[in-house]
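Below, each structure is written out as structure tokens.
Below are two complexes that have subunit A in common, paired first with subunit B and then with subunit C.
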Partner chain A sequence: MNKSIFNSFYHYLIDTYQQLQAQGQLTPFSWPAALLTHKQHAFEKFNEQGFPSTKQEDWKYTNLAAPLQQIYQFPVVSPAYPDLKAEVQRLTIPHLQAYRIVLLNGRFEPSLSDQLPESMGWHTDADALHHYYAEEYFASLADVTQVPLVWLNTAFVPGFHLLHIRETVDRPIHVMHLYATQQPAFIPERLLLVAEEGVQVQITESFHQLTDAPTFINYVAEQFLKEKVAMDVYLINQLHAQAAFFHHSEIYLHSQSTFHHLNCCFPEAHFIRNNINARLQGSQSEANLWGIYLGNQQQLIDNHTIVDHQMPSCNSNEWYKGLLQEKSTGVFNGKIFVEKGAQQTNAFQKNNTILLSQEATIHAKPQLEIFADDVKCSHGSTVGQMQEDALFYLRTRGLSERTAKQLLLEAFAFDIVSKAQNQAMEDHIMQLIRDHLDLSAAILPQSASPAHVRKT
Partner chain B sequence: MLLIKNLHAQIEGKPILKGIDLEVRPGEIHAIMGPNGSGKSTLAAVLAGNEQYEVTDGEVWFEGKNLLEMPPEIRAREGLFMAFQYPVEIPGVSNINFLKTAITEIRAYRGLPPLSAKEFMQRLKEKQELVEFNASLVNRSLNEGFSGGEKKRNEILQLAMLEPKLAILDETDSGLDIDAIRIVANGVNKLRSQHNAFIIITHYQRLLQYIIPDYVHVQYDGRIIKSGTKELAYELEERGYDWIKESVQASLE
Partner chain C sequence: MPTTDQDILQQYADQDYAFGFETRVEMDILPPGLNEDTVRFISAKKEEPEWLLQWRLKGLEQFRRLSKDMPEWQNFKLPHIDFQAISYYAAPKKRKLKSLDEVDPEILATFEKLGIPLEEQKMLAGVAVDAVMDSVSVATTFQEKLKEKGIIFCSMGEAVKHYPDLVKKYLGTVVPYSDNVFAALNAAVFSDGSFCYIPKGVRCPMELSTYFRINASNTGQFERTLIIADEGAYVSYLEGCTAPKRDENQLHAAVVELIALDHAEIKYSTVQNWFPGDKNGNGGVFNFVTKRGICKGPHSKISWTQVETGSAITWKYPSVILQGDYSVGEFYSVAMTRNHQIADTGTKMIHLGKHTRSRIISKGISAGYSQNSYRGQVRVGARADHARNFTQCDSLLIGDKCGAHTFPYIDCQNPTAILEHEATTSKIAEDQIFYLNQRGLDNEKAVALIVNGYAREVLNNLPMEFAVEAQKLLAISLDGSVG
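Entry: the complex of A and B
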């Protein structure tokens, strides 16, 4: 079966699972029988399917064989890391004034986290496993998508976190995902989020690595928005070069809910794959997926999104922009489904990439599948280099080449960053972009269309 | 102020300028006219520092300094300005932010502190009135969605804001109606002084009814083939360019 990868890391995982299971040490907490069934099923599926290879359509340009050459050990042993408090302080977003929830290698760190208000419930470990929402929702969204890396997550994750938004939260929430290991580590992590009817909430999730050990992060989030919810999610990926990051979010929106998602990928994790799937399950709901990604070195940044219009009178907007430096590669795949009955749908998608080096590559693929007739849909995709005539124009007005490039690239990114609904987040993201743009290396095109620009 | 000697330039191996000689002194307005394809815009582009053109021979001195050795931004900071024939639209870069950045960098080069917000706004308001530039356009993205006339007026606004020593207007009149030409010309007339100079590149004599040049040059096939005073422009308007082309051909034979 050459559509899959059965490498030594795969065999290591299968053996480890079976050993831990035989020793009764698969999870540190006892899982309710119903949830354990999901786990067992997921293991069987992963055992059978292995890792997807580039022969699978959704992985055509993203070769997992390279990042998974390593044996990432499981379960992870967290080292004593003395300066965590200082790290949390350093990584706190200026002026956001958020409730901070700190996770270390996927485990909740109460001593580093803020006191949380009554409007939200944060449940972990056994508490989450036995919450009344656990049985109802766990694995009910993500696992049905038949994604092998989600099965891997369900099979291995020791427990999950349940974020329950009961009422509108008065401040943003910042979930800080920290990773620190001495050995190469496989870290599965899981979030279940339920937002009750009518609540408003802003959530920032940031990802940071504190040590240099190779780390394979596998993060799955299932998010339920009940009626009339307004939720903003910011994803800020700041992992180091030694990180391979897989993330899968399934978002279910019920009627009249609004969801803003701003996905920001920065240098320099060598492998990033995000699956972000928004399912419009109730009429008059709205999903907005924004993305900005900045690649460097030999980084691979792959964003796969699905906007699934299942009900009538829903809106969706999607706009992803990429700035690719050095030998980095970007992949953008945007699927829009408009299902039979989903009349009066408005669905728009755009994707623009600037290649800042002759050796950078982008694979962009919009994919629209429309089964209703009363719909407005559009998509557009561009790939280019920095506009040479614009750069010259600015320089003739006295701007240095560096300032001119910065102005142009920031303007390019700002279309996306300005979608932030929160000024502190907008400022923070803009600053990260400035920090990661290597203006001295950003070159201009030698020819109008380099041979290695492929658009599919 | 500007001294051009035997300037030769080419693009992609094709010679365009074939020996231009020109001297511009402070307080002067020079018009360069000529038929399409004679290399007038190439001359402007080469002076502004467009790297697509390769200078193969000759010299250009600006205020005693070798202009050809300077990158475009240094030319601008030294006091050279070119109003583009086709100003570039730059979405996402606000007009006002761009002007502020440009002035700050030019002043820093000259060892001057940045203008205060108040000084900047004052200067902007004053210059905006000078070129009758709609205030709402200033807050928009640079030239994005501007009409042809608005783009050209924005060039003159930039000229007014940056206060160059030498301004080159590259076919600023093309595509403008008579009212817009008058506004542009009024702006230039108010900006001219004993200390600055203008080179006005144009295909028609129309603009020169409003901006009276001290000298008129005819450029043809990459060379200046005839120079005179403003009367030459009138003659060209009446007789066209053919008689000059013919006289050049005759002198070659």
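Entry: the complex of A and C
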């Protein structure tokens, strides 16, 4: 019994790869042999495995078949988009004052990006491929997780970007992913990030679409944190309804490193799948994964996370909250592994979801796998709605129904949003939540009618 | 306290199986193997009607289809089971008995060793025992008393003969033969089991109980239990298992179906202590059971309570389908694993009716090299307005070689539902032990006290007679093992 999808898009991909390989045009620049081996291996694996289907546990509620009905093509050249400068200006986060790095369809746009300081190295194309870290880390973090869509990325990505944080960066970094295509496009994109010992850095990655063509984005990020690194990452997904978005982040943390990750999924990409895996590979390291997802229309927002405690004395906290409107579906799967020998582990996980419409659905699977005994682990998960008592209380204080609802829902989101370590980011995320909440449609809790008296 | 911990684990690991003995009773055994003839033989031997034979054959067909592709989603590697090497029918030779005096004294002695002498049961607890010794009911007590109330409590074999309409109406409606590979196998070859029908408005005056024992070597047990509580009826049913020591793996693939109609309530309690294998993980019973109940009518209630201490592999999810409005499902479980035992157990609560409520309390204790998993699903359908669930699953780890895992699935399609899930994993805190040491309790007693307290919420839900046995079992498992 085959549990995978081998559709026409799959065949298109396989044929394209083989054709390009035959023509010796697999990559626009020459790849070092060692990296090419990864590419070839990944292609073979993808060729064999195909796209995952709902028969596979990790994709049980996330049906790739729908977004993959479309045949996406590789974007040939970046289209001339009328005024990119204005778009970049429009999408700049107020008051963040970040170094902006702009990517268009996965390609670096130096003319739109800011001048970067000495403390960080940004390498692209051939420059990245021949960097001394490329051979050491490329494909060694993400590909070992055996995820078919990561293999797809490794096999088809033309090159990758390498962000090397040498020293503490004085301002946040904002990586702006812009997508503008005329035809249905498949865009593989890849980032390799290495943070040297003791550095502190804040990175915001935002995703925007400038055109309406169906786009299948496959973004893999490998992040390697050396000792005593403090890194904050913000992911802000604001893609259009025509976008299908797959993202896989593999984060390795070494001793005494701290990692904050705030994952925000907003309308209206019809398909979002995030894999966020934090591997605590050094003792006394800490990973914090926060997430807020706000769905509308027929969105599917799927967040799969792994916190893997491999060494003793590490901490992790995870909290994902969801607001699901209209016909949206949320999937949350949080895994905590505590491996043998990872004693003195504290690992906590929480997931709360509010369903705001009759047709919204949530599938939550908070999962613990523990192989050490001196641990404190817990997880909690709730599904519910706004509290009627709380609403009533606010109404009696003279608030309109609309204001009361807004207050409650924003307070719900605030738990996550307030985790932002940067005021500008906090304000920005809160504003996006406000923009996307449809308060008039948010249904009110109906009081449960009294239970019938038992017949005697 | 490393030295004590070490001692504890050592003693714990060396603990012998206290109920390991074998009763010698003449058996009527079918040679190993599974095919259409086996099914026909069993059906003929039990003088079954044609429809049941056809149903069994469908089960066999389904089993052949499903067994080609054995499940892989569970959190352990399913050992290879040679279904052709199992003998599918074993029955003690003496069968029709009217009084206890006619029961084979050896069997009576077995029960005596287990601490449940049949004779005493009559006077003592008012418990009617349908004792199943390798597949066929040996003795049934209290029949008359139950008959007065119109309650039917007999072996499945008798039920098929005397109440075919009832059996035909309900058999396989909750667990169809196509449900899973082991349910299909059970449908094809089920040997016997218990049947219970509580008529309208009757409150069963005593706890009904069956003691299962795997006895003859190489015979898997394929019990099938069907309990129907008609409108407004109430019944509490006890199931307990102990098995003699043996080196070979034995398969136990039972099916239990519960049906609660309007305002009916069924309480089903299990104490399971099959042979868990020796300290190296050799032998032991595979306990692959399908248990499911349906709250068919409004205001009905089904409650599962289980204490699982035995079996090499325990793999079961007693579930409730909450179909009737205002119906209630409950699941209370203590699963204890040690040595190389594996448990992958939990429940499913399927909310379909409005205002349905469910509650899940699961307590796992793992020690030695064992792996203990909770796997549960709470599903709320689009029409199940105001469904309510509370789930708590805690794990306790004793030693650093064992594992505790939690796989809860929460699927909600209704915005008025309120679902809560919480889980914790920890070891016994040293300050708790220290506190009890101060009060003059030694380590062993302190741990026993803490573990008993930890499992209390579940044990409290067992009927009185069973709670004693369950505590005994936990004590046997813990005795001299933790300190």
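Keep in mind that, in the parts below, the second predicted complex is superposed on the first by the 440 of 456 C-alpha atoms of A that agree within 3 Å, B and C clash if a C-alpha of one lies under 4 Å from a C-alpha of the other, contacts with A are read in each partner's own complex, and residues count from 1 in each chain.
Please note the rule applied: contacts are C-beta pairs under 8 Å (C-beta built on N, C-alpha and C of every residue); 3 or more make two chains touch, one makes a residue touch a chain.
Note that the structure is a prediction, hence the values are computed from the model and not measured.
Trainee: So, A:392: does it touch subunit B (first), subunit C (second), both, or neither?
Mentor: Touch status of A:392: first partner only.
Trainee: Taking the superposition as given, does A:400 touch the first partner, subunit B, the second, subunit C, both, or neither?
Mentor: In the superposed model, A:400 contacts subunit B only, not subunit C.
Trainee: Considering only touches as defined above, state whether A:360 meets subunit B (first), subunit C (second), both or neither.
Mentor: second
Trainee: Check the residue A:383 against both partner chains and state whether it touches subunit B (first), subunit C (second), both, or neither.
Mentor: second
Trainee: Now for A:434: first (subunit B), second (subunit C), both, or neither, which partner does it touch?
Mentor: After superposing on A, A:434 lies clear of both subunit B and subunit C.
Trainee: On subunit A, which partner touches more residues: subunit B or subunit C?
Mentor: Larger number of subunit A residues touched: C.
Trainee: Have a look at where A:411 lands relative to subunit B and subunit C in the superposition and call it first, second, both or neither.
Mentor: After superposing on A, A:411 lies in contact with subunit B but is clear of subunit C.
Trainee: Which partner chains sit in contact with A:11 here, subunit B, subunit C, both or neither? Use first/second/both/neither.
Mentor: After superposition on chain A, A:11 lies in contact with neither partner.
Trainee: In the superposed arrangement, which partner chain does A:55 touch: subunit B (first), subunit C (second), both, or neither?
Mentor: Neither partner.
Trainee: Quick check on the complex: what are the subunit C residues that touch subunit A?
Mentor: Its residues touching subunit A are 69, 73, 232, 262-263, 298-299, 326, 355, 380, 382, 385-386, 395, 397-427.
Trainee: Note which residues of subunit A are touching subunit B in the complex, please.
Mentor: 387, 389-390, 392-401, 403-404, 407-408, 410-412, 414-415
Trainee: Within their complex, state which residues of subunit A touch subunit C.
Mentor: Touch list, subunit A to subunit C: 1, 57, 61, 340-341, 343, 353, 355-385, 443, 445-446, 448-449, 451-452, 454-455.
Trainee: Report the residues of subunit B in contact with subunit A in the complex, numbered from low to high.
Mentor: Listed in rising order, the residues of subunit B that touch subunit A are 48-51, 71-73, 75-77, 81-82, 84, 87-88, 90-93, 97-98, 101-103, 105-106, 109, 141, 158, 162.
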